[in-house]
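Scrolling down, you'll hit the structures one after another.
Each of the next two complexes has chain A plus one more chain, namely chain B in the first and chain C in the second.
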Partner chain A sequence: MSAWGFYVATLLIYFAVDLLSGIALNLQFGYAGVVNFGYIVFQAVGAYVAAVVTLGPSLGAGSYQQYILGAHLPFPLDLLAATAAGALLSLLVGLFSLRRMRRDYQAAVLLIVSLIALQVVSADVPLFNGSNGLTGVGWPLGQLFGVTATQSPWLYTVWSLVVVAVVFVGVSWLSRSPWGRSLRAMRDNQGAASAMGLNITSLRLQVFVIGGAIAGLSGGLLVEYIGAWSPGAWGYAETFVIFTAIFVGGVGNYRGVVLGVLLVPVIFLEIPRFLPAIGYPGLTASLEWVVIGLAWMLCIFFRPRGILPERRLHVTPPGALEPGALQPEAAPR
Partner chain B sequence: MPGQLLSSVADGIVVAAILSVAAMGFTLQFGLTNVLNLSFGSVMTIGGFTAYLLEAARVNPWLGLLLGGAAGAVATVVLGRGVLRQYARRRTQLFEMMMVTLGMSLVIDYSIQAISQNSIYSYTVLQAAPVHLGSIVLTPVQVGIVILAIVILVVAEAALKFTKMGKALRATAVEPSLARSCGIQTGRVVLITWLASGFLCGLAGVVYIISTQSVDYTTGELFLPLIIAAAILGGVGSLKGAVGASLVIGIVTEVVAGLGAGGYSTVAGFAILVVVLLLRPGAVIAGDEDRQLVL
Partner chain C sequence: MSAAGQGQNLTFATDREGTSAKPENQGQPVLVAKDVVVDYGGVHAVNRVSLSVAAGEVLGIIGPNGAGKSSFLAALGGQVRRASGTISLDGHEVSGLLPHQRARLGLARTFQTTSEFSRMTVFENLVTAAEGDTGSSLKAVVLHPRRTAQREQELVSHAWEVLERFEMTQVANLYGGELSGGQRRLVEIMRCLMRRPKVLLLDEPMVGVAPHLTGKLISDLRGISRDGLAIVVVEHAMEVVRKLCDRVMVMAFGEVIASGTFEEVAQDATVQSAYLS
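== the complex of A and B ==
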């Protein structure tokens, strides 16, 4: 396998994982207006759980890594466990953070949750091996066929794209369903939505948990490819990369999400690799973040609804007349 | 053990003093403009680095403290007038404005990272032999920081209560349109608020690095969640509340650290905010959606 092939395959896998994140955040933020600034925590818990349930029993405090829940689960169970972990944690977090309060407070609280989680996991070594993190994670599906993820990255690419496709179909069906329309109603006018009989708190919790489940799945998918996971991989700034992506692409529609994820985490963060190195090592990385911040600000300034904005929703109830049919003899222009 | 506890409480008061300088600035700004300013931490870092550069140029550290505050004031006015106001003209809403400040903080932080070559700089000024009072050990600088915080609280409260500008500020915070029709120049009030809160922010940055003895590009950003927690816990716009909440957070974090759970000290501080949200959601809900930007 050539280095280029490996690189492209890895990039596609990252694209798949980021697309899952984009889909989850777009469902929460774009459709329901729930601002999840702690998104990365739910991805992280999925990654940790997928790691420990495949690594086998923990070797205990004296060994090079220790963790809880050690097991050797076969293929579908590892990703299911990751998904369930994401859902469960988001249920717990959602129960106290989704109370009705100002949106900016809520965002701040979730940001704080993200910081708390990072500190707890770093400080508590018996949980997930502290700040050193877990290594040596395998790929259970590949093991069925006797291959590893790094040996056959193309196989893993196909697999992750399949996962994304399934989630994508499911979520876009959900967002076109009556449930999805009630999410938009809640986002656009909370008062009116609850006057129509929608249970705002419950809807927000539902969308938070579904997003959390997708986040957990994306974490599992990522960790089984890269094989290691540690607190360094889920700083709170990672959440903002995905937020920038969906903001730039366009919130509230999936074309925008795909475009944004392609532009920001994939193309944009990869371009600097091919530029000649300037200054001291690490300068390019800092400048990358500066440009992300600027792109974010310019986008809010010039295209607050993204490059591909959400289309207005037209719903024609069954049996209704076509719009405009009732005023046939409008004044001639 | 009581001695240990006492010394933890004393340390907690010092932390609270640093936190309260920042939280007073934050709550003043937030209470008036309604922008949850996530670039506040970055401006703190600017203040800190200004003091560091002045120290390297052998400027008197006390002057450095003041100039660090001034740098914070200038930066805040530039951001408030130059950036946030432009967005307000385009009718950016409350929440999007917070997103804008987040973008500003990324730009500032990583510009500082690029310029400072991603290094940690040590800032050791005003250090002197600690004073022992029974089991309490404090350095004169720490005592100075506590006094500074008290002075700021008293001066700021008095300014809000008794000066014309202070009254105008309170009126604008409560009802901007009514204030405007009463002849208050709200634009000037906002400008003064940016200046004052920016000064406190820069000052907090310097005080913070005096206490930690080092500065790097994450200095303010790591402190920001505690500041937000203190401001929300104390009730937005209330200086006394911010100081009280800072005391609670500061003492709890230091007592937890003193009990030997150093890794969890900040977690404990945040946990207070979460508990308050759980038990008394009414404390933070007031004035839900009808708040408007004042810029």
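== the complex of A and C ==
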């Protein structure tokens, strides 16, 4: 495979992973108004769990890497475990951080959770091999066909796009349902929503856990491609990249999320990684954050609701003429 | 407005609408509060206030600014915790329940500061407010799609009925945040009616509503109450109170200082001195 082919495949896979994150954050923030500044932690736990359940039993403290839960799980148990890990951790974190607390405090608590998690995983070496992280992670689905992710990046690309398409369809369907409407009511006015019989605490926890499950899945998908995972891969700042993407693309609109994820993480952040370094070492990397900041500012000034804003539902009164209204079966019974 | 002007209003003869037709279930108390106390950091905003409202009855609460009227409604709705006292709704003791639990038992309310869902259309504002509690739950949506679709259809036609009654079909597609102040009030009231509640708490519902609609709203509310709904309404406009309410309770400094029919409390000397002067 050519270097260019590999490069494009990698970009597409990153796109799929980031789109999963965008979908999860859009459900949580765009629909339900839950500000999950700790998002990356749930992706990270998915990646770690997918890694340790495919790496096989840990060889213990003397070996080059040590970890908990070592196993050789076949596909699809690896990704199911990653998804479940994201959901479970979300449930635990959500149970104490999402209770009757103001939204801005919740955001702060979640940011702190992500800082604590990074410290704990880095320091607690027996857990996931500390700051060195885990390497040599395989691709259980590819193993069924005798291929690895590096040998057939296009196969991996197709697979990740299939995964993200399924999640996209499912979550956007849920968001359009009466349940999704309740989430938006909660986002707009919690007091009124609860006075109308909506259980705010439970709705918040539901989106938190669903988002966490998607995050875990995205982590599993990412680690099985890149083969390694360490605290360097999941700084709290990664969460803000995805937040920027959904802001730029359009909060509350899944097409906007697709656009934002194409624009921000893939075009602005991933492409420069493959470009030759300019200036002093590390300049391109730090410019990324300038780009993120600029994207926020431009967006707030020019398109405060994003490039593709949330779409308005248009209804027509039952008496009005609609396409099909004159057909016999539409006549009143 | 001068005290004399208000006093004059108060002594108008009764011309309350719909007092002749009494429903069968009238007289059964659906909302009973006993000695409710609300504290904000040691200050009694509501001090041992009691009420009992029956199905088919409209109770007005009046009183000067800061009397504790909104705080009392919040205690009834569950938005603030009462420090002591009991509240029973349709036979259930609810004083320990959360707002959504009380709502599911048949309580609906509006707020003094309008609380429309600002990034949802008027139509969506209405269909979100559904009778019954779990029809929009994740479980119902995923496991019972057919039942959910049917429920949606019912909600949609109910929403059009309510919109028509309030002459709001023209704004069905506007976002809550795009409405005028009076329209927002109406959306709140319509949302409550969508839920077919047993008890309706209204906090200054007529503020900003155009005069021709005020009259219509009064007769609508009376009509709905006659069908067996208990209404508690906090209101400053005496004309509205006089036409709308069967009984009036006057609050000042967190306490009830008088109660009775509109005419009775209007004659009361304490009320005159505490509220009207």
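Keep in mind that, in the parts below, the second predicted complex is superposed on the first by the 304 of 333 C-alpha atoms of A that agree within 3 Å, B and C clash if a C-alpha of one lies under 4 Å from a C-alpha of the other, contacts with A are read in each partner's own complex, and residues count from 1 in each chain.
Criterion: a contact is a pair of C-beta atoms (placed from the backbone, for glycine too) under 8 Å apart; a residue touches a chain by one contact, two chains touch by 3 or more.
The shown structure was predicted, so the numbers you read here are calculated from the model rather than taken from an experiment.
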item	value
Fit or clash - chain C, chain B, common chain A	fit
Angle at the Cα centre of chain A, taken between the Cα centres of chain B and chain C once the superposition is applied, in steps of 10 degrees	80
Partner chain in contact with A:176 - chain B first, chain C second, else both or neither	neither
Touched partner set for A:304, first chain B, second chain C, both or neither	first
Residue contacts on chain A - larger count, chain B or chain C	B
First, second, both or neither for A:195, with chain B first and chain C second	second
After superposition on chain A, the shortest CA separation from chain B to chain C (Å)	10
Residues of chain A contacting chain B in one complex and chain C in the other	none
Parts of chain C lying in touch with chain A, wherever the complex brings them together	77, 79, 98-100, 103-104, 108-109, 111, 115-121, 123-124, 127-130, 133, 135-138, 140-142, 148, 151-152, 156-157, 160, 163, 169, 172-173, 175-176, 188, 191, 195
Touch list for chain B against partner chain A, complex	36, 83, 86-87, 90, 92, 94-96, 98-100, 102-107, 109-111, 113-114, 117-118, 225, 228-229, 232, 262-264, 266-267, 270-271, 273-274, 277-278, 281, 284-285, 287-289, 291
Chain A residues within the chain B interface of the complex	35, 96-97, 99-105, 107-109, 111-113, 115-116, 119-120, 122-124, 190, 237, 240, 247, 280, 282-283, 286-290, 292-294, 296-297, 300-301, 304
Footprint of chain C on chain A - complex, ascending	174, 177-179, 181-182, 184-185, 187-189, 191-200, 206, 252, 310, 312-315, 317-318
